[in-house]
Amino acid sequence: MTDKPKNILDITGTVLNIQRYCSHDGPGTRTTVFVKGCSLRCKWCGNPESIRMKPEVSYDPNKCDGKKCSICLKAPFPEGGFYFVEGDDSKVKVNWTLAAGINQEIVSLCPTGALEMFGKTMTVGEVMDEVEKDTSIYRNTGGGMTISGGEVMLQPDFAAALLQEAHNRGINTAIETASNAPWSFLEKVLPHVDTMLHDIKLMNSERHKKWTGVSNERILANLKKAYETFPDTDFIARTPLIPGVNADDEHMLGVLEFIKPHKNVIDYELLPYHRFGLGKYDSLGVIYELDDYKTPSDEVVKRFQTMIDKAFGRELTTE
Amino acid sequence: MIIDVGHAGMLRHVAVNTGAGFVPGTNAIVMGAAIAGNRLGWEMTGIRDGFEGLLHPERYPDGGLITLDPGLIENLDPSTGGILGQAPWTDPLYEQVANADKNRKEEDLPLELLKRLNEKGIDGLISIVGGQGLGILHKIHLKGFHTVCIPRSIENDIASTAVSFGFNSALSITIDMLSKAYQAARSASKIAVVEVPGEHAGWIALQAGIAVRADVVLITEIPCDLKNVASRLKDKISPRRPYGLVVVAEGAKFDDSPKGQFVDPVKPIVPPIGAGKVAVSVATALQKMIDTEIYPLSIGPWARGGNPTATDHQLGIAYGAWAVKTLRASKNGVMVSFVPPDIKYVPLEDVINKVRTVSADSEFLKIAGALGIYFGNFSSKM
Amino acid sequence: MSTDTGQKRVAIMVGAGYIPGINAVVAGASLAAGKLGWELLGILDGFEGLLHPEKYPNGGLIPIDPQKFNIDPNTGSVLGQSSRIDPFNVRTINELGMVEEVDMSDELLTRLKAENIDAVISIVGGRGLSILYQLHKKGLNAVCVPRSIENDIASTSVAFGFNTALTFTIEMLDRARLAAKAAQKIAVVEVLGEEAGWIALQAGIAVAADAVLIPEIPVDLQHVVTHLKNKMSGKKSWGLVVVAQGAKIINPGKTEEKVSTLKASLSPLATSDSNSEFVIHKSGQVAQAVAEGLQLRIAEETFPMVIGPWVRGGTPSAVDRQLGVAYGAGAIQALEAGRNGVMVAFVPPDVKFVPLAEAINKVRTIPTGSMFFQVADSLGIYVGNKEA
């Protein structure tokens, strides 16, 4: 037979983090499993730590013991990867270029846990143990499990197995995806999904390529096929609103027109852009290109929301 | 009409003051006026901070008036800031005072002002002003005081003179800064939208834009449609030249934004400091139509500091001296004006309420056109 | 493959970001190489000219011939410019249509070998220095010319680019001072200096600023206010505060948007001592924060200004032109002396060669006992470090 594990509980994937009690990633209160690795490079990305597929070292200076420890200055830690600045012995500093080659085994030598691998390999079973802790909450709130990212479609086998296992245990499932993947990947994952939250970042292909790194033809084709192939799945379209990029009427109208013929697209959500992950992006390495993006004004968001409510035939609530 | 209020040529004591807003190097004017006045045997006095030094001497421990004697003038540096300070942005002819009922009322002050001038024995006034200051000076003139105006405006928007004092300095720094912005845009492969001084007139934007070969110059006089700007920029930007420079005057106007491309009233988390509203609006609006990244910059705050250029230095001394000559020739209620190759004078009433703008047949527009700089279409409706 | 004698083929490249006067370094290297009978080639746009030659119809590797040398050392860069230069992380779209970063360092070394290039002179600083060191460890003969407008590279007294930035900053601060004086306000001007406060302090001294806030000394804005109030108690009713981009402000008066705990512990996003200090890393933010923080406690109007965006253009100062030519020639001398894996360092009055390993992971900050602090103090410039 194949060398694939027989039991789906043993299938592994790279997980960034598991966050409980999430309220914005699908219906009810949910546990969100963030997977690592993304297939786009949006210039406004607020989660740069989730972009690369391979595990990366993370450093929490608050836990570092400083010079008296100094374990990371010696082999097997990479030469020049960690250092002290003269006059400041309290916390080690990280040279992200030279520390890049580090692995889990070496990182585990850090006695205080200041160094950790960001992103770890987990089995479906391990993830489910965590997810199952809140089963009663899901039941009470209509919640469940959401796989977010990164990009869930980068690990289709793991995602499919995880979602299937959740269903086996009676847990509602959702995914958040940008849908930039071969259709065969979506086809593998979607049968196990109750709600799919998917981004439509830009309707114009050329501009999509400019801002995210790839054109959008395949994404839109995937979405259309998904709407048609999985009529029982709920779809929620989303747009991270960024003034100067997509916070305009043209985009809103384009998306509404695109989703309109499909009854299983139950909503269109706006995610006003917040400069959230902004930090010292110079040290993040070459792949991150955050710049001065701005948040859309409340007024604009409100106006767009009205357009959406109208398109979905919702009554305008008045005080 | 020039009101005759007696023989101004017989003046004995002339004061020099300056209006609101920063213009580099007014010392040159003070110097020119003082030297010329002292030679006539006149007493020359500087009033600090507009009329503040005269109206509120108690605020000035060293005195609100400065005697501009030859010793002081000899040591004055004509290439730096103003010994006279700067007037507040208020009309000295009106002052809000609280009356007995604690209600605020505006009090007309010209009588007080004239009284103070008379007390000090001042019988003539040379004012270095522009904009609102011209009107104030005209009112003082109508009260019967001998006045001469020296036009100062970094925008060069004062009518009846080819060059106002301060314009050349502002233009020079703007060109300097635009060159830097151009290089920065080039190294970053982005489009810079740079706001330059020019609330009422587009001279700085146009002349500086020509000097640095900007792609687009947007000025107050020619409202334009940003859609056309975007398409022009798209034409000019190529993989070989993946950057651009748009120069926008502070007062630039735009045709009614087409639907779906309205200028989003962005509420930036970090306001682009120093970048004026126009630069931000234009950059945001263009970004919706263009994929090359666009960023706003503003020269405004930087152009309002600094030292005068050699041209302004020279012009200042000439204006100062000519103002004295004008008073000596019994002309008053006038503005000295430079109409190459001559320095002349024109009645204040011909100057106030007028703005010197870029006209449709301006040579500069033809030059910009010949260089392929887009500035909109003058014939397009307001 | 390289020998210590005989003719060599040397390539020169420049790291990310614009810096005025790159041509001066190229000119120096070209003239020195020509004298030895060596060939000098320029790699365009970082390593792009070598990694992606297909993008360059006229070739990504250009010969720089001292005979025909007509490069103006005063302007621009014949080497082009690049926004990213890390050959270990080159962004590509893979066969599945997904974006990923791949390590092309081996390919780069192969390409250099194929072009018979013996050594590479790299005009870099900061991260570029670490990348160069990494390439050197993989076998690249590398010499670094240190460039940093902040002058924060260890082991050299003056990095290329610093003098130009300092000169320009002083010019701009003069303007800001006059503008503040004319407007009777307090100007808060942000200058470059993420890790080191050299520009802020030296320029602040030159224009006799009222306070200088630098990364080396976290300051409490309340102390700045006290100092400003003392200085402005007389007839002076305006002020000038110079703030380095990386200045650490305690007690800013306004709290920064909280970064989620998840992100706070993440590697690249973690900031040093983020629990106790207000750490800001974005151009303009610190000027804004300080201006707002001061405004809460002082009657005079404050206004923020930023020099950062303007420093990226312009022409090199006379000192940098001369330094650039010397650095270029020094790099060739290092190779001639058989040195590699070194950085050319200017330690007045000598030019020295320092191993790259000694230059990385060090930041040249202003030492506590610096003469500049004493000068600032005697001029009545507040730089922090004083008891409340």
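Labels for the chains are A, B and C, by order of writing; each one numbers its residues from 1.
Operating definition for what follows: a contact is a pair of C-beta atoms (placed from the backbone, for glycine too) under 8 Å apart; a residue touches a chain by one contact, two chains touch by 3 or more.
Values in this document were obtained by computation on a predicted structure and should not be read as measured data.
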Report summary line: Greatest contact count: chains A-C
Query raised in the report: For which chain is the distance between its Cα centroid and the global protein Cα centroid smallest?
Result: C
Query raised in the report: Just how far, in Å, is the C-alpha centre of subunit C from the one of subunit B?
Result: 37
Query raised in the report: If you average the CA atoms of subunit A and of subunit B, how far apart do the two points sit, in angstrom?
Result: 53
Query raised in the report: Measuring from the mean C-alpha position of subunit A to the mean C-alpha position of subunit C, what distance in angstrom results?
Result: 34
Query raised in the report: On subunit B, where are the residues touching two or more other chains?
Result: 270, 272, 295
Report summary line: Going by residue number, subunit A touches two or more other chains at 274-275, 292
Report task. Please list all residues of subunit C that touch 2 or more other chains. Result -> 282
**Report entry** subunit A - residues contacting subunit B, complex
**Finding:** 206-207, 210-211, 243-245, 247-250, 253, 274-275, 291-292, 294-300
Query raised in the report: Okay, in this complex, where on subunit C does subunit A touch?
Result: 84-86, 88-89, 91, 93, 96-101, 126-127, 130-131, 133-134, 137, 194, 257, 259-260, 262-275, 281-282, 357, 360-363, 365, 367-368
Query - For the subunit C and subunit B complex, residues of the former touching the latter - result: 17-18, 20, 76, 81, 83, 172, 174-184, 190, 235, 282, 284-285, 287-288, 303-306, 309-310, 312-314
Report summary line: Within their complex, subunit B touches subunit C through residues 21-22, 24, 61, 81-82, 86, 173, 177, 179-184, 186-189, 270-274, 295, 297, 301-302, 304-307
Query raised in the report: Which residues of subunit A touch subunit C in their complex?
Result: 17, 19, 38-41, 48-49, 52-53, 56-62, 79-80, 83, 85-87, 91, 93-98, 100, 116, 118, 151, 154, 180-182, 213-214, 218, 274-288, 292
